[in-house]
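The chains carry the letters A, B and C, assigned in the order they are written, with residues numbered from 1 in each.
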Amino acid sequence: MAVDSRSRTSRRTIVQMVVVGTLASIIGVLWGLYIDWFPVQGSTQARKIDDLWDLMIAFAVPVFVLVVTVVLFAVKEFRMRPGEENLDGPNIHGSTKLEIVWTTIPAVIIFILIGYAATILSDIEAAPANAAQELKVDVYGQQFAWTFKYTGADGKPINTTRLYLPEGQSVKFNVHSKDVIHDFWIPAMRMKIDAVPGVTTSYRITPIRVGSYPVVCAELCGLGHAVMRQTAYVMPPAKFNAWLASKSASAAAPAAGGGGSAAAAPAAIDAKAIFTKGNGESVACGSCHQLAAAGTPAGGIGPDLDKVLAGKDAAFIKTSIVDPQAEIAKGYPPNVMPPNFGQTLKPAEIDALVQYLVKSTRK
Amino acid sequence: MEAAAIHAEHAHHHGPPEANRSSRVEPQLLGMLLFIISEVMVFGAFFTAYFFIRVVNGDQWFPFNGDELPKLVAGVNTAILLSSSLTLHWAQTSAKNGNRFGLKAGMLTTFLLGFTFLFIQINEYIHIGFAPHDHAQGSIFYGLTGLHGEHVFIGLTLLAIVTVRAFRGHFTPEHHGGVEIPGIYWHFVDVMWIVVYTTIYIV
Amino acid sequence: MPAAVRHAGWTRATTFTVLGIAFSYALSLGARAGLGYDPVLDGEAVLQISLVTVPFFFLVGLGLFDYWGYYMSGRPTRPEDHSGHGAKSWKSYLYPNTDHKVIGIQYTVLSFFFLFVGGLFAMLIRAELAQPGRQFIDANTYNGVFSVHASILIFLFIIPVFAGLANFVLPLMIGAPDMAFPRLNALSFWLLPIAGVMMLGSFFAPGGSFASGWTAYAPLSDSAPIGQVFFTIGVQFAGASSIATALNFLVTIITMRAPGMSFFRMPLLVWANFSTSLLVVIATPFVAASQFFVLLDRALGFNFFDHGQGGDVLMYQHVFWFYSHPAVYIMMLPGFGIISEVLAVKSRKPIFGYRMMAFSLLAIVALGFTVWAHHMFVSGMQNWIRVPMMITTAIIAVPTGIKIFSWLATLWRGVLRLDTPMLFALGFLTMFTLGGISGVMLAMIPITIHVSDTYFIVAHIHYVLFGGSLFTIFAGVYYWFPKMTGRMYDERLGKLHFWLTFIFFNATFAPMHLIGLDGMPRRVADYADKYAGWNLAISLASFGLGLSTLIFAYNIIASWRGGPRAVGNPWRGLTLEWQVSSPPPVFNFDAIPTVVGGPYEYGVPGAVHGVFADQPPPVVAAGAPAAKTPTDE
């Protein structure tokens, strides 16, 4: 066993390594800052979180480059060459100085990051100066849809499955769950929180960009978790207030016509649109059910309507929509389909939908 | 695999070399202590459930919803279980000193006291008037006392084995690890009960 | 009664299994009739009782409790005749055996079987995700497949394979003839196939497999179909196995080291398993309890997680993560040990900063218990817990950093043998660093708020558990393959395996960071169209990763059957396991060696770690430290 007497490590190697490492770090950090990692910045919170990310990149890339550079240079400089089969490295056991260095420097970096992150955290959660004007929205998670509750001008609640938000105004979500744990997430706003049964959780955002953004359930909540996706619409404050006012008005005048389907029909109801997109309050049927006529794909969550509704009459279909537990298709578990279509769909819409389904599934 | 087999044939030994003892602690004793640490952690998890209901959520504890815990009966039961630790200690000391009668009588008394404890506990369940599915408080009560009861059952099984072997005369002043090690477990079961009784019934 | 039924073995095990099922039926019928339930025969009740009791009938039948039964019945003690020691043919591996080397191989082979099963599930997941919409499996099956994928690979691959490797080499390394409790060791192993059968068998349950993820969050797991209890109960067996093995390791390490082997002369693999075992003994009971709660809720109507009855949903997560965060270190620390062994031997240099390496392991153990709630930053728990947890979590990067930098310094000026174990070790160093960096990012609460429950988490966990743990496992298996089998593996195939794995691993998991940050949640059978491109690329790469594993399987099987014979010490290692033949003698050593120096004295001519009675005393070179007279710790 011979001991390594090669003096291959030279000052030059170290200099080379420092140069290569520094260059790679600079390129890596620039590239990391250039890449568009996130969805569009939809809120003031998103800006702050993205800033923190940039700081993380600035520290993370050099650490990774350091490790890779040392490994690659070690391989290049010190790999065993022919004739060195019996050679050993020098019997070095450590260096207290180095150990202190690589304990202290990471610790300092860590504390810088923690400090900055804590500041960002308190920023993104801070209540706005004019807290009284903050819009409060109650969010209810239920397998497998979100519903939202606003307070109308008259103090009456407004329930909807469409999330409308005013631009430039702080919004506080109070998040509830009616069954299992869900997670209310708008990726463009960067904020999320679990909807926990028995607990009211909350976060706030200030939308800064008019547009429509996906709302996603981020916590596994069962069979339909993947399709628990809705949309948030951010609109100018004036438009938002008009919408809220219109909603208060329609809530104030409840469906007085009762079951009169033809009476109040504002225009021809587009049953196919209700099936594929929902009516603005209801969940879309097509997100779980396959139906050839509507072109909705197989998701496997609910039964294929072309099959299970073939030859069924209107009464059966209506019952299945309003009271989904009445009869469960074979091979599918109960309590999956939301039980609230009787509320979220207007009677006329239900009738239109039933007619549409009868027609579409007739063989 | 074949290579291993061939080797096994050739390297014929009468037995392994005796292992070096690198610690003064008996392996069996250390194993039991580590096992008890694990057991304490199981109880710890159940106490976490208790902590969340009672402290974090600040829910009312017994008497709750008209349901009460029989402090007095459980207190007498506690005394029974604690006295079994004393009789066990007597049995262990007797084993060390070669006192066969003390060992046998001590083990038998300990076993009977433990059995009485379990019997009273089950009786308490029957007469307590609420079920685990009535409320979370009931779940925690049955969960913790049930978990402890299960440990009493395991402990009793160990005591039964020791008692049988004591009556057959398998323990000598030199060889009484078989009394010591299960004994430690029984003492642990007793100590754990004091904690359960204090937190569930008294506080 | 025929002899086959009377004697321990598979016939008796089968008979007892049938008896166990009959017993479960009888117990269920008796209890339900006695308590006046209707209907008297309830399939789910029988199933739940069977899952708990039948394994014990099986184990008794297989003979795991024979000795203890003999003792319990009060018969006189009988001296161990060592007839159960060692493997006589490949069939010996199918029966309980008390030899730590046999058990080590049983553990390793069985865990790798589960690696391939879990890997197949991964392929199925990627096939389904290759395009948006439904491809092959429906949403329920999909949720089941990823839940079983994670559970199998965590509880039946990573945790036990480390126990398997350590089972084989650890007693050899510390100069012990066997583990402290050989019969308990055998029992630990046989609990594993039971857990595995349960988890895989869950697919046959009505309503499908357990589909609430390996985290099984309540109340989803409380209300899920019966398949859930296969997880709930399966975890108990895997956990019991883990605790028993950890206890065995701790007692073995503390009480059975060779003379002269003080704690600071132990190889770092021993230190790593010592630390891991501490974590297992203290933390694993919590996962057992969390599943007890679910089981009690489901089977007996308890209200631990029913908020309508005063239960607390978040309590599940606290109890679960109090185990499952340390579990991350349970899956990592033994790998740190393997890497330390491989790097020292393959760089021909002592481990840089040996004591700090040992202390940083203990620091990780201690800190590991203080960080669980970082998995709950968006769970809705009390806000004040978050910042303290962020601080402790980020601080763990410091001891981990010490380890990384010490390994780098070990490489420096060594004479690097770039063979397969070394390549995997170097691959581990770089990939684990990436996983660690994304871990520090995840410690930062504002970032976690955005990325938790997304593919960023999926990327992070795979960089840590695949790029981290699995790379160390491959390094360890190649490194000790000659010792375990007495054969050499094919170096060319080994290197090919490494490069394909390394490339496809990155191609599979690196893009997951991107789609996660861009808003794709995890655990979804379907996703928005904008992620379609990356998902297709990921799926294609993952198939490459799956195929690369076949090279490993071929290399191992072919080399085991017909590879060239290995010498006792092919790597010229100093630790004790290399000083005996390959494979080692049945009882490891003729006489227990005496340890006279540190485990990694490379670069000192003639340095030895331990001396054997039949060898001449070592030549101690000037400058070689710590070659004192052997003293007891």
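Just so it is clear, a residue touches a chain if its C-beta (ideal position, glycine included) is under 8 Å from a C-beta of that chain, and two chains touch if they have at least 3 such contacts.
Here the structure is a predicted model, which is why all the values come from computation and not from measurement.
**Q** Have a look at which chains touch which and call the overall pattern line, ring, star, complete or other.
**A** The chain contacts form an open line.
**Q** Looking at C-alpha means, what's the farthest chain from subunit B?
**A** A
**Q** Provide the C-alpha centroid distance between subunit A and subunit C, rounded to the nearest whole angstrom.
**A** So the centroids are 32 Å from each other.
**Q** When the centre of a chain is set as the mean of its C-alpha atoms, what distance in Å lies between subunit A and subunit B?
**A** 49
**Q** Taking each chain's centre as its mean C-alpha position, how far apart are subunit B and subunit C in Å?
**A** 29
**Q** Which subunit C residues touch at least two other chains?
**A** In subunit C, 311-312, 314 touch at least two other chains.
**Q** Over in the complex, which subunit C residues touch subunit A? Could you list them?
**A** 133-134, 137-143, 207, 211-213, 217, 219-220, 223-225, 307-308, 311-314, 347-350, 352-356, 378-380, 386-387, 390-391, 394-395, 397-398, 401-402, 404-406, 408-409, 411-418, 426, 429-430, 433-434, 437, 440-441, 443-447, 449-450, 452-454, 514, 517-519, 521, 523-528, 572, 601-606, 623-625
**Q** Would you mind writing out the residues of subunit B in touch with subunit C in their complex?
**A** Touching subunit C from subunit B are residues 1-5, 7-9, 11, 13, 15-23, 25-27, 30-31, 34-35, 37-39, 41-42, 44-46, 48-49, 52-53, 56-57, 59, 131-140, 142-143, 161, 164-165, 167-168, 170.
**Q** State the interface residues of subunit A toward subunit C in the complex, per the touch definition above.
**A** 1-4, 8-9, 37-39, 48-49, 52-53, 56, 60, 63-64, 67-68, 70-71, 74-75, 78-80, 84, 87-95, 98-99, 102-103, 106-107, 110, 113-114, 117-118, 120-121, 124, 175, 179-181, 183, 185, 187-188, 190-199, 201, 203, 214, 216-227, 229, 297-301, 333
**Q** With touch defined as at the start, can you tell me which subunit C residues reach subunit B in the complex?
**A** The contact residues of subunit C facing subunit B are 71-74, 76-77, 80, 82, 85-90, 92-93, 101, 105, 175-178, 180-181, 243, 247-248, 250-251, 254-259, 261, 281-286, 288-290, 293, 296-297, 300-304, 306, 309-312, 314-315, 318-319, 322, 382, 485-487, 560-561, 565, 581, 583, 585-592, 632-633.
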